[in-house]
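Order of writing sets the labels: A, B, C and D. Residues in every chain begin at 1.
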């Protein structure tokens, strides 16, 4: 029932959205708001860190996809950090591995942005 | 849904029953069997270690009380090891703290047997 | 069965029906914990609620009057959780000893419910069995 | 509503009714996990089941046809768990795209259910709404 959203600036014009807990139909609006706010402020290079996420459902995936679509319109991109095998499996099954850059740690994900 | 029962001999003629997991209406028969077996074998000085027990209900308490009654008939006793505050609370509320010796570690509980 | 009037505004009701068997009590415990987690209860409160629902189910199973299932109805208010437990048999909390010492394990279970919950009532046994109603309030 | 014929011998049925609202989906997830825990499922299987039930509930909530509650009926066999999800509205898994890419998030949810469960059926929408029936087998 809990979600943690922590947004911080990182190298260059990139921003890191660090998420923790469970991203489901109830909590994903909070994630969407955080991402939307960043994009509205003109930040189009995002790292979304899912290392502390224990659970994600299609609503959560939809928020990530929605974010990716919007930043791409501005030539930006979204890279994910994901180490949880269950969550990686979801990205595999859905074919979203081909759409997102998925990395094992934040530094890697950040470097790959530029 | 899981219970772990581990019985081992310790100093003197004492035996330690180490329990782990949840002791409820479903799992407590396994605990009762282990204690009954020890008593049937003539072991009347028992330390029951509840350090790894996350949950106990009245059925579990009943098994401990039943064991205590039986060993007392033979001049024996039961000491408990219990550090979990929630479980200690249950012993407090029910007044069972006055019936059992309750200790913070196994060595203490064992020494107090003799 | 008589309609139960809930005092506080309900924020949602969850109903659970489990077989009246020992191996299903853990499911009731975890469901109640998940429901309680939606309210600002402390971790200790949630442990109390888990024990109270388990004792109620255990009581129904032991007092088994041939009912196959246990119905657990959880009403969440803004700051309280009321759990109703029903079977086709009877639940008689007033039959419990005031102090459990020397009593039966059944008495011990009902005693724990009374100690851990803020309010415990029961409706008399009718054609459709008795009902135990217990409430825990946040911050009590 | 037509009686559903379960293929394997049932070891017990648990029924859960939650409000048809996002904040209650976590309760369905945890209840299903507790039920699955009674069977020799792996940790990964249990995660799959949690996601599948959440997707079914999310679908019902989004497709909301005015139903207030979601009924979740879990039948446990010796080596399988069948979950039936009902509301007063319709669930149409065959309307889901074969591959989710480019589809809606609703389609993605149904796609995930199909990918994670061993069998997914649905009964046509009648007066009492549609029903999604999904089964996961141990060791599959």
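What we mean here is this: a residue touches a chain if its C-beta (ideal position, glycine included) is under 8 Å from a C-beta of that chain, and two chains touch if they have at least 3 such contacts.
What you are looking at is a predicted structure, and each value in this text was computed from that prediction instead of being measured.
Novice: Counting hops between chains that touch, how far apart are chain B and chain C?
Specialist: 1
Novice: Among all other chains, pick the one whose mean CA position is farthest from the mean CA position of chain D.
Specialist: So the farthest one, by centre of C-alpha atoms, is B.
Novice: From the mean C-alpha coordinate of chain B to that of chain D, what's the distance rounded to whole Å?
Specialist: Here chain B and chain D have centroids separated by 42 Å.
Novice: Can you check how far apart chain A and chain D are, centre to centre, with Cα atoms defining each centre and the answer in Å?
Specialist: It comes to 27 Å between the two C-alpha centres.
Novice: Roughly how far is chain A from chain B, going centre to centre by Cα mean, in whole Å?
Specialist: Chain A and chain B have C-alpha centres separated by 49 Å.
Novice: Residues of chain C that contact two or more other chains, please.
Specialist: 23, 26, 29, 37-38
Novice: Return the residues of chain A touching two or more other chains; collapse runs of consecutive numbers into ranges.
Specialist: Only 1 qualify.
Novice: Taking the complex as given, what residues does chain C use to touch chain B?
Specialist: Touching chain B: residues 22-23, 25-26, 29, 44, 47, 50-51, 54-55, 57-58, 61-62, 99-101, 105-106, 108-109, 111-112, 115-116 of chain C.
Novice: Hey, which residues of chain D end up touching chain C in the complex?
Specialist: Touching chain C: residues 12-19, 21, 23-24, 26-27, 29-31, 33-35, 37-38 of chain D.
Novice: Mind listing the chain B positions that touch chain C in their complex?
Specialist: Spelled out, the residues of chain B in touch with chain C are 1, 22, 24-26, 55, 57-59, 61-62, 65, 86, 89-90, 93-95, 99.
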